[in-house]
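What follows are several structures.
One chain, chain A, links the two complexes that follow: it is found with chain B in the first and with chain C in the second.
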Partner chain A sequence: MQRPNLSAWLYVTPLMLVLVPFFLLPTLVVLVASFFETDGFGGLLPTFTLANYVDVLTSAQTFLLYVATLKFAILTWLFTLIIGFLVAYFLVFHVKNQLLAIGLFLICTIPFWTSNIIRMISWIPLLGKEGLVNSTLLGIGVIREPLEVLLYSGLAVVIAYVHQLTIFMVVPIFNSLARIDKRVVEAALDAGASRLDVMRYIIIPMSKSGIALGSTFVISIVMGDFFVVKVMSGGGSASVVSAFYENVGVLQYPIAAASAVLLTLVLIAMIALILRVVDIRREITQ
Partner chain B sequence: MTVALGEADLPMIRSRRSSAVARGDRRPWTFYALAVVFTLYVAALYGPMICIYILSFQDIRGGLVFPMKGQSLHWFIDLFTQVRTGDVKGSFDRSIKLAALVTVITLVVSLMAGLAFRRRFFGDTVVFYLMIGSLVAPGLVLGLGIGLLFQWIGISPSWYTSALGAQLSWTLPFGVLVMFAVMSRFNSVWEEAARDLGATRWQTIRLVVIPVLAPGLVAVALFGFTLSYDEFARTLQTSGSLNTLPLEIWSMTLNVTSPSLYALGTVTTIVSFVIIGACIGAIIVINKRRGVRATGH
Partner chain C sequence: MFNDDDNGDAKGALSGLPEKKKSISRRSVLKAGAAVTGAAIGSDAIGGFPTIWAQEIKDIELRHVGVSYSVVKAIGDQAAKDLGFKVTMQNLDTSAAINRFISQPDSVDIADLEGWQAKLAAKRGVIQGIEVKKIKEFDNILPIFTKGEIDGHKIPRQGISPYEAMYIAKPNATELHDGVTEWATFLPQVYNADSIGYRPDLVGHEVTEWKDLIDPKFKGKAAILDVPAIGIMDAALCFESAGMIKYGNKGNMTKQEIDFTCDKLIELKKAGQFRATWTTFDQSVQLMAAGEVVIQSMWSPAVAAVRVKEIPCVYAPVNVKNGKEGYRGWCNGMGLMKHLSGKKLDAAYEYLNWYLSGWQGGFVGRYGYYSPVPSTARKFLTAAEWDFWYDGKPAPSVINDPYGVPMEKAGTKRDGGSFLDRVKNISCWNTLMDEAAYMNKRWNDFKIA
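For the complex of A and B:
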């Protein structure tokens, strides 16, 4: 019993040699720093104080930032879930030719392997004041003046998020839908179930793990993002992480660390809630 | 509609196959509705990107929006010759080197971790959740932690130390997850057969495991390269004084309002597409060769 354990640990040692110094220790460093004081010049005084947490938790700004960030997270989650599910469902259940399905699936995933920043700024020529959408709408006479809300607004932020993150829903939902035995659906239809029943009692319950996994990705990315909010809102909106980054910019490390710890706790709580529906480890390793 | 479909099926329950065939002939309305949704999704996915590729080929009068003003390579030349746009060449160079380094490390480490996770071992859950944590941790927070850690130890951050580690904390979980998917289809009988025939552990890995897993390993390399090449949040505070390409693009996004930003977008996307094409091509070739060999026997 000991020997296979030992060789397995030998095989994961390189992984741990990255995860410990570049994930575990930095996380602990942030945790420790959140209890320190700053000397005002970027240095840290090793004391134990809760002042940073008091500052973060009692500031009205923190509350507003969380409300704003959660709003973006929920809207993005909703749209990516609906679009992602429909796309995955179409590929698995409606495209009969398997090679074609794989090809279409690849078409959906290719942008994931390209630059996020470039994909974000690529909305500028479309949504801008003189952009394609506005000039088209002006051209056909739907509007008289260019719409200002298209770019540098909350709408633009959500559009950019949905554009970037729907793939994180498509892939896991596609995987869990592809694992559904088509004969189960056939049997249900033969037994007289309506297609709505099939959706409600077979397909949605069996795609739960994919939905949970996709939701974890989308929510954690939106909650941890600052650059989409910064560029696409034109500075009009802030997020939890953009406030964190401003604190880092002015060398207020302890306060930044405290808000990072708070964000991490909120994230863990949200993910735990999502994962209550599914044993993530069993789903992934099988 | 659903009721009608159910009734139409009733006379056909004789065998499952016949009813399946009957259903396949007439496509339900949802097929067309979802086909429209899918087409719109793909159009929205690629449309904006295509716009900036087109706009990057304007001449010197060019702006950030349509209509297109002339056609030239002006902004591409501008990109690599103007000081105003920053050190594009240098950052491009660093990003490629860093991505290559990350790819090699990701490949080796993910393969080893994938092999380990086939069986349960003491502490496997801890390793697994560390990995998931590393995957979902906000990049900027991790960047601050790594920056402070390096500051306390007294190493100055640079792209080939702290940024390399920061990127690996992002690419490795992806690599290992892909390995899980690949491993679930790996039959350990082949490995046992090799060992029964007297192969050493290293020979088994080199001559049996790696060739069998080759397409999956190409996929891991694809993730390693592209995720590193485009990584931004974790690199921002860990790259030291020299920029990688995404950091360069980021600073251009904030300062540059000419089509040279789009030109850079076009160039970097071409690099990504070449890598993606090469990897997908390699996977297809490997699978095709296998198909030929399998039918040849």
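For the complex of A and C:
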């Protein structure tokens, strides 16, 4: 009975070597700091207080920040899912030549060879008041005044997120679709299923694991981001992280730590929910 | 072993670099003198110490860390060339910088600090006092910084003025000292007076008051600075200018004053006054140059950067009148981190002295910032540049930026007038309020409104 135990520990060691120092310990530091007090000059007083949590949890601002951030997360999730699924579906089921499909798949990743920031910032000259979109629309006479909603707005934030994150949907969904046995689809068609039925009863259920994985990526990235919101909303919107980043800026570490712990808990709950709907482990090992 | 002045001069002479100066400065005279002495000693049996110094310092590296508009690579490169040791410039934004100084003090040698950051750094004990005696140009630093006055004009102390943050009683003191001492928290190196930038063609009249920024006429075409600690002061200047409130101290508001200011900002935001808020120099340039806004709080070089794109843009002269208006001043200075000692500390003092010796003052002068020692900066500026940037006279010839790109035509006058006109009209300084935590929270309310 000793041997399997030992080998199990050996298997798990590399992961632990990464997780413990780079995830667990920092998280613990943040957790501990969230119960401390500050002297107002960046110093931490090692007391035990719940005041930071009381402050965060009783503030209407916290609620508004979560509403704002969740709004971006859900909209981004919805659009990346639709676009990502369609792209993956097209590549797997409509491109007959497998080599071509893989080639097209690789082409999808080309924009991602540049940095996130560059991809986000390149939207600005496109969407601005005197930007390409507005000047084109003005030129062909569709609008008379430039559309201000295109830039420095919630719309701009969502556009940037969708552009940045769709690939995180395409990859896992492509992967799970590619593993569907095409004969199952043919059999269903032979048995008289409509294309919609095939989609509803075969394709979507069998790509659940890919969708769940993609959703996990997209939602956790959006919930944890502040930079895109800051730049694309022109500072007109805030997010959970941007709010506590401002606290760090004036050295209010304990309250920022409490906000960070809360965000971690909310994210764990959201991911748990996704995993409850889809048992990724079972789906992948199938 | 031997004192720092000897070290510096001997080393300066031995570095053997050609002097590129246009005039003979006090420093080059000293260097020449030291060269003679050094040569004399070098030929002597007893000597040889300058050689040792030159060899030892070439392994020294100074890491100067701070915001991009103050810690500039070109300046560090020149310093390294003149001083013979390595200088690395590292840029962070304001909040990342102060966090690094406080949480990883050993990863920084020279901290670039604003007045309020110097106060914090002293409080946290991460910097050591600068021995004023070792700063050669200290007596030539404008009294704005060293005494809190200029030409008999008292420098206002709303917010944290550089003078207020400048002194500590002992080298390891953690509390600021009110009044001149032998120990400085930081050595001022660059400063300016911030105000509003606007498009004269689209605004239609000369702007001399902050209230124009919140004028409903410019609804959807105005922007404000989104760094809470100083953005709120710009807002306060606007509200005070519009006669809506009189602050006790804009730089250290009470909770009621913070509430009033943030509530008004939220009202304005809901009414659609602000097209955006900005956090970086480039964003402010982009907003103005792309026609997104016509008026916004802005920095002087950003206005110049818009003009270089041939888009008319004016830096509003918001001189103090009726106890209102005025510029929001800021000043960055260099602090010595506590861990510096021995050779490295000597090198750091050399570096501080180099900073005030003029090259850097000339460099920042060419994009509209000022040196605390104009007398040395002047030696590195042409007469035309001096007239334009410092004296507020029409440019006698084309004015180039620090990298040699023409930026102002002959005959142009600098907005805001002469150096003295500007600094005497500073009404408040960048700060960190006692109620910073509360202010930040209310600023976030403004952000999500």
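Note that in this section the second predicted complex is superposed on the first by the 261 of 286 C-alpha atoms of A that agree within 3 Å, B and C clash if a C-alpha of one lies under 4 Å from a C-alpha of the other, contacts with A are read in each partner's own complex, and residues count from 1 in each chain.
Here, contacts are C-beta pairs under 8 Å (C-beta built on N, C-alpha and C of every residue); 3 or more make two chains touch, one makes a residue touch a chain.
None of the values given here were measured: they were computed from a predicted structure.
In the superposed model, A:66 makes contact with neither chain B nor chain C. Contact with chain C, but none with chain B, is seen for A:237 once the two complexes are overlaid on the shared chain.
By the document's definition of touching, of the two partners only chain B reaches A:9; chain C does not.
When the two structures are aligned on the shared chain, A:148 is found in touch with chain C, with no touch to chain B.
In the superposed model, A:255 makes contact with chain C only, not with chain B.
By the touch criterion defined above, A:217 reaches chain B but does not reach chain C.
When chain A is checked against chain B and against chain C, the one touching more of its residues turns out to be B.
Of the two partner chains placed by superposition, only chain C is touched by A:246; chain B is not. In the superposed model, A:119 lies in contact with chain B only, and not with chain C. Shared contact residues of chain A with chain B and chain C: 124-125, 128, 130-131, 231, 245, 248. Chain A contributes residues 40-43, 59, 61, 64-65, 68, 124-125, 128-131, 148, 151-152, 230-231, 234-238, 242-243, 245-252, 255 to its touches with chain C in the complex. On the chain B side of its complex with chain A, the touching residues are 2-3, 5-6, 9-10, 13, 16, 19-20, 23-24, 27-28, 30-31, 34-35, 37-38, 41-42, 44-49, 51-52, 55, 64-66, 105, 108-110, 112-113, 115-117, 119, 121-125, 127-128, 130-134, 136-142, 144-146, 148-149, 152, 165-166, 168-169, 172, 176-177, 180, 184, 222-223, 226-227, 229-230, 232-233, 237, 246, 249-250, 253-254, 261, 265, 268-269, 272-273, 275-276, 280. Contacts from chain A toward chain B in the complex involve residues 4-5, 7-12, 14-16, 18-19, 21-30, 33, 44, 83, 86-87, 89-91, 94, 96, 104, 106-108, 110-111, 113-119, 121-126, 128, 130-132, 135, 163, 166, 183, 186-187, 189-190, 192-196, 216-217, 220, 223-227, 231, 241, 244-245, 248, 253, 256-257, 260, 263-264, 267, 271, 280-281, 284-286.
Chain C makes touch with chain A in their complex at residues 94-95, 98-99, 102-103, 120, 123-124, 220, 223, 226, 228-229, 269, 274-279, 283, 286-287, 290-292, 432, 434, 436-437, 440-441, 443-445, 447-448.
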